[in-house]
Structures are given as structure tokens and as C-alpha cells.
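Both complexes shown next keep chain A, but they swap its partner, so chain B is in the first and chain C is in the second.
Right after this comes the complex of A and B.
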């Protein structure tokens, strides 16, 4: 064997070590000899002045009919506005009965009766909460944005699938777009279009486009070579191949993209209340400002119902299978396990009966109309269903107008706000501290601020002066990836300083770190638990799904109920929103650990705990890191939202500046968040990648 | 035989950055692997010429990677040949415009694929109707016609199912039906039965023979299974490293394998079932002895053995018009078997 010299790692001089030593020397100098002070103010780039000037220029140019506005922005604004108003008017004109019935029948067709009931119930709840009009307004905004996003995104995806150069050009753009927090999209749009509903539509379109482009491209590229070749061999034109083979075969993937686009659109449409988007988000925002938790909760619930409705419905589209005979499974409202119980039977029997009757009725009606259709049409059932549905809806429309059931009845009111407000008062008094113990929201909140946030902030702002932090971050970047990322990270951090936002950024960073820490502390054990226990996984999955479906904004409502205002509620909202990927990927990582490795460990007599610590956790580390990376990105996406409940730092700067009409300052803070997000994303992702590579090599 | 339906003339296909250059410079004796090592070009089809006659089943047989799929795809230009001429019905396919080519694919030839290549989002009947749909046939008419084909390939009652709900053998029936629905003059099959279980494969081979008796298509049938080629092919071309090394009837090839490569395939063939009086006979020696027992020219060795076993006399061989064209005796039959023995040792 050739004796390769292995320099002992301790003696090796690496650039990372040099940087770390420099940081250490600086640290000693800073703390023992001479304070390095804060980030020099005279280095401030003063970006906000030109930005504010630009904003003024936009206003003037707009008024004076500068060609750019007269020929481009105004017509764009005008046509989107026109389009949206038509949709909105239509939805206001439609009686609520017809809307609910339409969604019910549609869901029943593409999904099953359970889905139909769920969606109808969601809509009904929006009405019962007294928020029908606001919900329709949000829905109109959604429909407008999603239609335009799809109209742009689908062709773009198709184009990318057919042209490698387009794909390579689009990919980094799409990646960057998905790294940025939703809110960041609102800022430049506001700059050009001011505060109103159209800019929220535009921001929504831009934010929500990436998934549909990505998944259309991916879906088309994954269509099997052989079926395309078969199509060519029959003399299909490229266009025929596209329309008859590629797009239909890619449909599940495309619909998954549409589902994601819809959900992203919803999350931003709600936030867009901040720039005058109106609708449900507006109700939440106004109530939060007035600290009327009850009505905030109502609007929050309506948003959750909207999210569930849109998610389940569009997900069902992506799950449509090509099966000749839909298996009739009957209908089960309750879990199978409860089937034996007599009370469960009593509930399910009438439902089963109605289901069977309606099925029979449907068949009769379809049969009636099938005579109108061309013979031997294999889609006869679908066509029949939709014709039946259309006629039924028309009938209902007539009845509704005749009986003037147009507006959602006002006296059908579930009003939650009063009892909730009472409950919140009760909670604030009684949950603050339970008896003389240290259990309660108060002590918890104090613990987080006193023992986690404050020391961390002190560390970042006082003990470590800014040059030390920059050195440490670049050392981290170098270790995770290479010198390029180190330089890039250092420059990004410097830039944050140049923006004059060093302190606010460190404040935000400390909150982000605490939120991530709490997420990991809770999320990893939960992940381990669900990896070791199937029923735990089954229990957690719907909860995690649910947490990821809800638009970020809504998380503010419960935390404000429990923690009032400040940094802690912001952190708790971030944890709720961002914990899911850590749990999921820990679970996945551990479940994917090679069984042989586990068996080997057990055969050596390792205890469960030893096996977990020495085999399963290390082997699933790449997956866990991936989860943590996603969690970090989601926490960062919450920074601005957390600013709404008074979590100081960059998020608060954005909100505050925006509300005081200081565009420049708002953009600066937004930029700082984006820079921080990119740096953290790159470092953690490279790190996860390195772990994964190392795991694959060995 | 009648006139050629398809003619390959010096057809090449080279994969790589400068394929034309390779064809000009490569020497005939250079091995394909050397070309790949030296130039990075894959010579998939190498100077191939042969004719396929109307109504015959022409099998192309060779090991995996010998260029069969590439060759058959050159025929409909699913892969562009690098050089050579491919004449179909008197027209050179290589020079056809996009339009003419599309017309050729729509009306003259259709193809069956190894992994079926069915459209998973379409029902069986819509899969079968695909070719007609592309031709622009009205919906009602193409569906009606597709039902007729569906019956022909024995898929009655499966019309409304999706491909993934069918077994492999049934899926390939759909593939076959889809190809036959456009009533093509030429049927191209690229290892259509290779992905099937042996028993199903035999069913499908018999099915194809049965259909071919009615339809009398010109068929180019690719396979890597020599026995399949023997069973289905009127003639067989054997490919190696992109070249056709031998063309002949199954009997020709089994009786006279041209080299070790071909002999390797013929080794395990039950010759008594393949060789016939045609191969074993010799010219008639004594004209005056033209009486005695006679057999038809395509009588297999299997049947000749008991006939010659108990007599030293020659047995006459007759063609279709009852003319005596040769004779066989025990010695010749045994020699035919002995030849086999000799070669195998």
C-alpha cells in the first residue's frame, strides 16, 4: 500500500482557520482593548433619498402622462382593473346559493362527496361568519390573479420544456423568485402603481408564477420518450404531439403546479391587504390594529376555510386518475375504525341512503340527456354530468332570484367575536400565569425574551462587533461551500451595514435564530417520534398539512391572543408556520435509513437510544439539514409579518416605513431581508448538500 | 418473388459530432469499438443494403446494441440516416420533405414498439383511433373503425379501459391494433414481444401469424430472439455491430451459417424441424428410375427420417407443379445430421 501522507488536521492551515483566528483576535481587541463601535454611519449609502425621489418622480410622471405610464403602466393597470371588476361584479351578482351549489357539484365530480361536503361547508362558514362579501372579494382577487398567472405561466412552462436555452435562463430566475419572501414583491409594485387593488394583483401574479412554470416544464419533459416517438410515427405534427400527447400526459404535474400557484397566490392576496388589496386580509389587519381579536379570528378562520377549499379542490384536480370504472366505495364520513359503533352507524346510514339516491337520480338524468349526445362517446358520463349540473344551477339561479336569496342572509350569524373576546380576556388573565407556578404564557414569554433573545442580541450587537460577525459568516460560508460564497456572504452583510440597517438586522437575526432553535427543539423530536411510530405519523400528517396550507398572516391571530404584542408572538407565529418541514424531513430521513444499518447496530446490542444517536440520526442528517434549511427560509418569510405584531427589527422597519409612506426606507429594509435570506439559504443549502454528498460517498 | 417494396442502399447511421466525416474516412475493416474509442462516434448502422418484398415478413435479428432499432427508425426517419438511400414504393424516403414524410407515416407505414408506447391518458379505443385522428378522420367514423380492429385483435369488451389496467400482452394487442387501424402497407415492429412472458409471447406470435395470413402486410420485424425470427420470418437478416452479416430464409441460415457469430445462434435450433428436403436433396442421378415414393419440397427432416430409415432407395422430391426436382436418401439425411454434429464438435 502506498503510504499517503495524512497531515494531521490540527496542524493544517486552512483559509477558514485564518479567518477564524482573525475573528478571535478582533474579538479580544474589541472586548479587552478598544471597542470597535457600531457600523460607521458615514458609510451609509443613503439609498433611500434617490428612491424617494424616484417615487416622487413616478407620481409626477404619472400625473403628467409620461409616455411610459401613458403607454404601458396605465393601460396595464386599466385592463387588469377592468378584468377584475367584471369578475367581482359577477360574483356579487351570483346568489350565494348558486356559488355553493356550483362548488359542491364540481367537487363531487372531480373528487368525491366528502370533498363536496367539505368545500360547501367551507363556503357556508364564510357566510355564517358574516364575511361573505369580503370572502367573495378575496376570491375575485384570487381568480383574477390566478387566471393571469396561469395565462403567462403555462405557455412559459411549455416553452421552457421545448427549449433548453429558455429553461437554463429561467431556472435561476425562478429559484431566486422562490427564495424571496412574499412581501418583498409588494414593494416595487407599490412604487410603480401606488396603493390599490391592481398592484396587489400584479404582485400576486409575479409571486405565484414560478411553481406552474416549473411543474409544467418538468411534467412535459418527463413524458415518456416512447409515447412521443409513437405519436411521431403516426405522422403527428409537433403541435399535435404537444396537444394530444405531451400536455395531457403532463396534466397531473401541471395541476400540482396550479395547486401550488393557487396557494401562493392566496398567501400573498391576504398580505396584500397592506397595500390596499381589501377583502379578508383587510379585516384581519384592521382588527389586529384595533386589537379586536375576536373579529380578527373570524376573518382568520374565513381565510383558513378559503385555503382549505382552494387547496383540496385544486389538489383533487391533480389526482384525477385514468380509471375506466370509478370504484364505488360508498361514503364514509367517519374513520373506518368507528364503523362498528352503533351511533356511528346511525349517523352514516342516512348519509349512505342519500348518497345512493342521489347517485341513482344522477344516472337517470344523465341517461335522459345522453340521447342528445353523439353516440359511442366515451366521455358521455362526464358530459352528461356537466349538462345536468349546468341545468340544475340555472334552475337554482332562477329560484334564488325569485325568492330573493341573493345576499347571504344576515341573521344567519355565528358571530364568534364576542365569546372570543371574552375568552381572550380570560386567557390573558388566567393563562398568563397559572397559580404560583412558572407555567403560563407570561413566564414563557419572559423566559424567551430574557434568557434567549436578550443574550443573543447582546452577543450579536455588543460582544461581537460587526467586523467579527462578517468574518464569522464568511468562515461559515467557506466551510459550507467555497471562497466564492464566503466573499458573496461578506459583501451581502457589508451591504446591509451600508444600508444603515446593521442593528435592525442583528435584532432580526437574533429572532430568526431563536425561532429556528425552538422549531428544531420541537420539530426534530416530533420527527423522530413519527418515524418510530406509524400512528404518530398518521396523527401528525394532517396537522402539518394544515399548518402549511394556512396563509402566514393568519398565524398572527392566535399568537396575539396568547402573547399580546412584541417579539415573542412574532417568534411563536414563525415557529408554527415553519416547523412543518423540520418534522417532515426528520421523519423521512430516519425512515429512509438503511434497515441493514439499524439491524447491524441492534445486533451489536445497542439500545434503542444508542441506535438512534449513533446510527439513525447521523445517517439522516442530510435530510434533517434540508428540513432546517426550509424552516429557516420560512422563518425569514415571516419576518415582515411578525413586524405587524410589533416584533422589532427589519420587518417592523418595512411595515412602519410603508405605513408612513416612506418608500425609500421600506425598500431598504426589504432589501436587507432579501440579502439575509439569500446568505442563510445558500449557506445552509450548501451545507446540507455537503452532508448528502458525504453520505453518498461512504 | 415480386418487386421490392422497400430497398435499403448503403445506409449509414453514425451518432456523434461529425458523422459524415467518419463515413468518408473509416476503413471497412476497422471495428466499431475502435471507431468509438478513437473518434467518440457510435456507428449504429453501417453500410446496410437489402430489399424487402411486398407481403413478406422480413425479420432483422441481432444482439442488443447491434443497431436494429436504429435501422428500423431510419426507415420512417424517426432517426435521420446519415447516408444512403431508402426507397419505399419507388420514392427515396431520405429526400422527402417534412410534408411528404408526414404523409408517408400517416398512410403508408405504422409501428409497434417494444414497451408499447401507448398513451396512458387515453382509453383503449382512443389509443386505437389515434392514427385515424391524426389523419383527420371524423370522430364517429374512426371510433367505428377502431371497434372493428378491436374485435380483430381479440380485445372485445376492453374498449373503455385505460392501458395501465391491461396486462402486458393485452397492452401490446392495443399497440398492434393501433398500428393496424390506419391500414398501413408496411408494418414496422421493434421487438414487440420482447417485454412479454414466454407463454404470452408465443400466443402473440401465433396471433400475428394469423393476422398476417389475412392481411398480407409487408412487415419489418425486429427481434433479438432467433427462434422468433425463424418462426415469423419469411426471410431473416442477421445484424452485428451495425452491419448485416447474412440474409436468407430461415432454412438457408440454419443450414449454412456464414460465420461463427451466426452459427452461435443456429446451434440450439431443432434442425429436424427447420431443414427440409430442399436443403437435403441432390439432383436426380438416374432418370430412368423416376418411379417410387415422392415427397414435397418443403417436407421437414423430421418427416424424412422415418421415410428414409427403412429403405436404401432414393425418395423423389417434387415441387408445387409435380415436377421431380431432386432426390433424397438415407445417406443424405444422415449426412445432414452429421454435418450438424461435425460443426458442433
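Right after this comes the complex of A and C.
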């Protein structure tokens, strides 16, 4: 590609080549003449001692009622705790019937009957899995955290959109918040905010706030200059412009941010249970300790259902503007293409009747309350619905208390734990090694360990000394973007060394590379398959959704059972969690390839395979690269989980330090993960961007 | 639309009401709420269930139980956010005992819980049935023994599965000093170690590992303790120089109490310090758990059957 744009000969001297030659010379020197050795220990910044001293100081300051605690943290703690306990009490007090009915009617109004049934079903499943109370506690945690996160995040995003300096300052902070493993700030959060509800809320906010800030900022910045100019020329004040023009136009982007914030908040539920967050996360942790994979899976499923519920509801809210005057044509429940079938009509007829009746009821209610309502046609419509709904719910509340339907019935139990436990027991014996062959998870684990991880670790730690790796990474960064990124990457890698974590980081890097490689080897073919086959896509989508939302802790025990303690189970868990974006974006990329290009290729007599290899894959490369970028970031998010299953490296350093009362050391390891994540993210993103630009030019 | 001033008044009103309610909630109760920490393993949950039951029903305290990771509980006790944790294995918390109890005096040593933890090396019993020599440490000397226990991670050496790095472990020292060819792999969490042991057991594979009693694992699978040279104080005097070559000392389980509890409720503190029973009591309750009783029911049954034991704890 470089050759087409630069007519000069290919042997031109570029900075990237100079760096590469320097790296090569160093490589020869290191391996043939004089070993460059490990990263010098004298350069260690020694960050951990002051951090540990600070922690000791905080402990005493807190006990002695230092003003910082007396005037700030204690009142803050007290009010959040109070607020949350009231929400929790209210949720426990409400009969389950009322909660399900409320969600059903709400979803029916902002979405359609299908959404209403789906959300009601999700809630019902939480009860059927025997986890109603725990789910309500987790829901209370989610609601509080998300409300506070939005209350902080939205204004922050608006501010960043109006002030470039704020945006520049926020960016690295948001990056760090998103990539810093939550394990690292658990202890500091406990130090300042105590245990149980409040620290869980704080930890959730730290982790979940970046998307809403980012996408609010982005959405407002993308509002076109013309519409702002137009508003200004009509004499609008800046405040009016913001409220009437910028925010409404940025709404889709903002709502995407809100949606992502909700999903990220849910993904921290299990970690929050480590500091007393309780609820579903606690069920997962306790089941794991008893090796009850089945009941951990049940709690994990309840979390998946909560994700479905919150995801679809918040999505419907974001679409509300577009469908406010939607009229129902045809079926409410079944697909329209079944319109001709008489049995389908028979199912739909009562549904239509119920809607008609409730419409009439609504009108009567509106008539009854007409004096209290403002005289505006559209609003009367919604107000009527919500008043009818409120009355209906009150009625149901009365009935539920009268018939004592308050607690979710215990004998409605859809227990999955026994069959799952049996299946896990079967798998750990029978899938481990099939007969005397080399097929099975055991031999596979040995293969990955011996022929992928070990050579790569050897390469990164012995054949390539640290200066060579820093040079190579900066060359890569320069090639992907510019000299700024090269300097930035080199400094970040040096900083990791200064933290005294070079070896652990290279160990982690080798695992990340193997996990990404396996994800690509499995993910890209799956993506191609689903791009070429609609039913494959339909089949894969729920599986991918499931893998992304189920808490990773749930499959921690099975991966150890199948792949043995060490680095491999961590890699397999990472692949399961991180494969989804690669599959999705490969699928998307190939589906977006111009029909004409494919047809041209076919008309020249190319086989399906040739078309795929020479036309479709190259053209969808930018999209695939974006998928790989996301996969890399998700694998890095799994480094801690890998540490939990015994993989050496940065994740293990974090866990080890946490268990040994060494907060400073765990923060250092967390910083190293953040730096490595940012470097890898910037390089792959710039590379994908460059590919996309090149594709657009040609 | 509401006027701005009205909104402000509304907000202020809400804050005021909240503050008043909060103040009422805190001030009028006779006895303060006692917050107990439970860790995620069953015997810890049982201790806490027994204590919570007695504090509530016999002494009239409101009790809140919070599940917390072991590494987070010390800071919670130091700040007074929680009042006590009832099952500490000192071997895993040496550094914290030194800092929080001895140096900073923010956490109080609550005395012994009663049961004595036993840390040892274990193999599945089927290994010993196949080769009786594996019942004692001599059976693990030599290349053949090492090869039997080797894995891809350790190559020719045998693999020794050890617990999380936070636990006190002298396994590599013992291995080296007794002249075995084994390498230690640390499971980062107890869950991970349990998963590995259970899976290997189900597959009837060789596995040698570090573990402790009392634990529910022993009711599920059949394990044999590997006999090491007997424990002596002289042997552990050599620990700093890497010279340990004998069995582990017993781990006397202890309770830890927030230093702030003395001021908050001397009565509850006395009760928690008196709380003390035996390994047999714990094992009895663990047995109830296996009979499909939940933690609270098991605790209740033990309380019903052992009135004389717990009567002595009440102040």
C-alpha cells in the first residue's frame, strides 16, 4: 500500500525502518555478544511504599474522626446508605405480582406487546430460579448506581463537549477508569466508604460512568453547526440552544451511552459482592466456594435476565421519540408474514380485543380525571394510560396483600442446578481425554501450554531483551499512527518497567496474544459463516449475547476442571468472554461489502473461496480490525480472572497483593494493566482507522 | 411547568425530610445494630449464624450480617463499619495481625474460636491404595514419583498444588529440604484449588496438594493425609533461612473484633469474646448442611441441642 501512494523506491529510509534496524542490531548484540539482562531493579520507582504509608495513615485518621471523614465521607456514606435501604425495603415490600405487572405495562407503553412479554418473562425467570429477593437487591444496587452515574456523567459530558480543555483532561482519566481492574480499587473504596451498599455503589459508578460521559460529549459535538447557527440567529440564548437543539439532537448518542453504562454496571455485580454488595453476586461467590456450578449458573442466568430487561427497556426509552405516533397495523405478537394463516388470526384476535377494551377503559378513566389533567391532546393520551396503570396496580396491590401473594412462591421452582452439576461432573471426566487419543481438553491444554505459551514467553523474556521490545512496540505505533504515538507507547512501556513489573507484564502479554490469536482463529470463521448464512447468524446471536453478559466468575470453576490450574484456563475463559466482537464485526464487515464487487468477482469466474479471500475479507478488514481491537480490550479486562485461576502475570500480582495486605503493590500492577491496555488499544485502533481510510480512498 | 423557585423549595424539603428521618432512625433504638462479617466458606457462615441468632434472640440486639472478602474485612473493622469476624486462620493473616492488632490497635484480638485448623499435604486415597508408600513423605522421593505427578506446567518435576499466595505456606522449603523433585503451583483462590482437586479426583488422576481441616471437602471425597516429619519448634525456627523440613503447626482459629465495639456495646463485645466451641460442634453443623438444611436452620438446631454450651457465653 505504501508503494502505491509513494512512488519512490521501496528501500526508502523511514524512521520506522531505522528503529527496526536498531532493534535488530540490539537483538544480535543481546543474543550473540552480551546479554542485556533484565529490566534494572535500581530504576524501580518504589510507588508502593508511599501508598502503603498512606493507607496506614487513613486507617488511623478514620478512627480518630479526621475532618475529612467527619465532614465529608461519613455524611456522604450515610445519605447513600439511607437512600439505598429505602429502595431495597420498598422493593421487598412490594408484592412480586405488582413489580412484574408494573414492568409489563411500562414496557407495553414505551415499546410493544413483545417487549412487555419479554421483560415480564425475564422478571418471572428470576423468581422461578429461586432468586427473587437477591435479584431485587441487585436491582436496587443497579438503580441507585445508574441514577448517580447519570447525574454525574451527563453534566460532565455536556461540560466536556463545550470545553476542549476539559475533554483533553477527562480522556486519560476515563481510559484509566475503564481499564483499571475493579479489584484494584476495592480496598481503597472500602477504606473511604466502608462496606456493603455504599462502596458497591461507588465501585460500580467508577467502572460504569465512562460510556455515558464519552457518548454525551460525542453526541453534542456532532450536532451540526448549521442548526446551532440557525437557533442563534433566532435569538436563542446559549442555554436554550443547549436544551432545545443540542441535547435533543444528541439524544440517540446519549441514550447509547446510558445503555452501555447500565450494561457495565451489571457486569460488576459479582465483584461488588466481595465488599458486601450482596444480592446475586454473593450467590455466585458462595456457590463457587462450594463448587456448585449449577447454582452459580442460576445466579448468572438471573443476571443475564436482568441485563435483557434493562437493556431492552432502556433501548425502548431511547426510541420513544420516533414511535410516539405509531399505529398498530396487523399483529401485535406474531410476525406479520403469518397474516394469512387462520390459526395465527385466532391467536391475535383476543389480544386485539383486550387492547380495544383497555383503550375504552382508558378513555373512561381520562374522562373521570379530565378536570385534573392539563388540556393537551397528546399528553392526555399518555397520562390516561399511566393513570389507568396506576389504578390497576393499586388494585393488584390490594389483591396481592389480601391473598398474601407477597413473597414469590417457593414451590414455583425451575431448578437447573442438579442437571448442570451432573453435566459438569460428566464433562470433567469424559471431555478431558477421549479414550487414549489426543483429543480432549486435557491434551489441548498441554498443547497450548507447551507449544504456544512457553515459546512465546521465551521469546518475550529471553530472546528479546526489554529495550528491543520497547523499540519494536514504538515502531509498530509509528507505523500505525505517527511519532507521537510511538513516543507515548515507548514511555508507557518504560513506565511498566519502572514499576518493577516488566516480567509479569511480558508473561501477561504472551497470554493476551495467545488468547487473541485463538479468538481470531475461531471468531473470524464464525463471523464469515454467519455473514453467509442468516440462520447461522440467528443461531449465534443469543449465544454471543449470553457469553458477554453472564458473569465470568460463573465459568471459572468449569475451565479449571477442564484445562487444569495455570495459564490455559485463564486463556479459555478470556476467549469465551472476548470472542463476541470479533464474530459480530466480521459478520458486519462482510455483509457490508459492496454487492457489485462480489458480483464482479464471481463473473470473472472466481470460486466462492477465491471471492471470500480476495474480495470480501480484504474489503471488510477495517471492520474485522475493530472487532479484534475490542477483543483485545476484553481479553485485557479478563487478566484478573486469569489470575484467579492461577495464571502468572499481572492479574496474579493484583490478587496476590490484595490477599497479602499490600495495597500499594496491587495499585502498581493495576497501573501496569492500564498502561498496557491503552498502548494496545491506541495501536490497534489507529491501525484499523488507517485501514478504513485506505479502503475509502481506493 | 413548575417555576424554578418551587423546584428549589421542593428539593430543599425533600432533603430536610430525609435528614430528619435519618436522624430519627439512628437515635431512638435502645441497642445498637451489631454488624457481623461472614466469609464465603461454610463454617464461617455457621459461626456467624449462631452468633447472630443468640445476639438477636437472647440479647435483643438487631444484627446485620454482611458477606465480605477476607482481604476487605480488616479495614471494615478498623473503621468500625463492622464489629467482628469470627473465623480467622492466623497463618493466612500474619502481616495484618501485626499491623492492625499489634501496631495500630484498630482491631482487637477476640480470642480463640475453639477449633484448631490442621494444615497438611493430601493425596486421594485411591493413590495410597495403589501404592502404600505414598502415605508418607519418603514415597515422594526420586524421579519416578516426580514423573507420576508431573504436568505440562512443571515438565519433568512433579506438580505440587498449593493454596492462594496469601496463605502461609512452606511447601517449597519442605520439598527442597526433604530432597523431592516437585514444583509448587499456587492456586490464586481457594475456589480454584478446590476445582482442580475435585476434577483430578473425578478423573482418578494423581494429585498432591496443600489443604486444611475442618473442611466440607472431606465429606465429599476420600483423602489421605501424607505423613511428614513431625512438627517441632526448632524446625520452624529455621523458616527465615528456608530450612523448614517438617509438618505444619496447628492453626489456632481466632476471632477479631473492632476496637470501637468496646465503646459501642461492651455487652456484645463480652459475648463475642466468650464465643468458643469445638471442631466437633462445627462438624455437626456442617453435617446438617449436607442434609439439605440451610445455614440458619443448622445454627438453630445446634442452638436447640446445646443450650449449656452457649449459656456460658452470655454476659
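Remarks
Rule of thumb we're sticking to: the second predicted complex is superposed on the first by the 480 of 698 C-alpha atoms of A that agree within 3 Å, B and C clash if a C-alpha of one lies under 4 Å from a C-alpha of the other, contacts with A are read in each partner's own complex, and residues count from 1 in each chain.
The working rule: a residue touches a chain if its C-beta (ideal position, glycine included) is under 8 Å from a C-beta of that chain, and two chains touch if they have at least 3 such contacts.
Just so it is clear, the model here is predicted, and its values are computed rather than measured.
Judged by the touch definition given at the top, the superposed model places A:415 against neither chain B nor chain C. Measured by the number of chain A residues touched, the leading partner among chain B and chain C is C.
Looking at the shared chain after the overlay, A:319 reaches neither chain B nor chain C. Applying the stated contact rule after C-alpha superposition, one finds that A:230 touches chain B and leaves chain C untouched. In the superposition on chain A, A:194 contacts chain C only, with no contact to chain B. When the two complexes are overlaid on their common chain A, residue A:538 makes contact with neither chain B nor chain C. By the touch criterion stated above, A:63 is placed in contact with chain C alone, chain B being left untouched. Shared interface residues of chain A (contacting chain B in one complex, chain C in the other): none. Those residues of chain A whose C-beta lies close enough to touch chain B in the complex are 224, 226-227, 229-237, 240, 244-245, 248-249, 251, 322-324, 374-376, 378. Interface residues of chain B, counted against chain A in their complex, comprise 76, 78, 101-107, 110-111, 113-123, 125-126, 130-131, 133-135, 139-140, 143-144, 159-162, 164-165, 182, 188. Chain C meets chain A in the complex at residues 18, 21-22, 25, 37, 40-42, 45, 66-72, 74-76, 78-82, 92-93, 95-96, 99-100, 104, 106, 151-153, 161, 164-166, 185-196, 198-199, 202-203, 216, 259-260.
Across the interface of their complex, chain C is touched by residues 56, 59-60, 62-63, 78-79, 82-83, 186-187, 190-191, 194-196, 273-276, 278, 282, 285-286, 288-291, 425, 428-429, 432, 445-446, 449-450, 556-558, 560-562, 564-567, 643-646, 652, 655-656, 658-661 of chain A.
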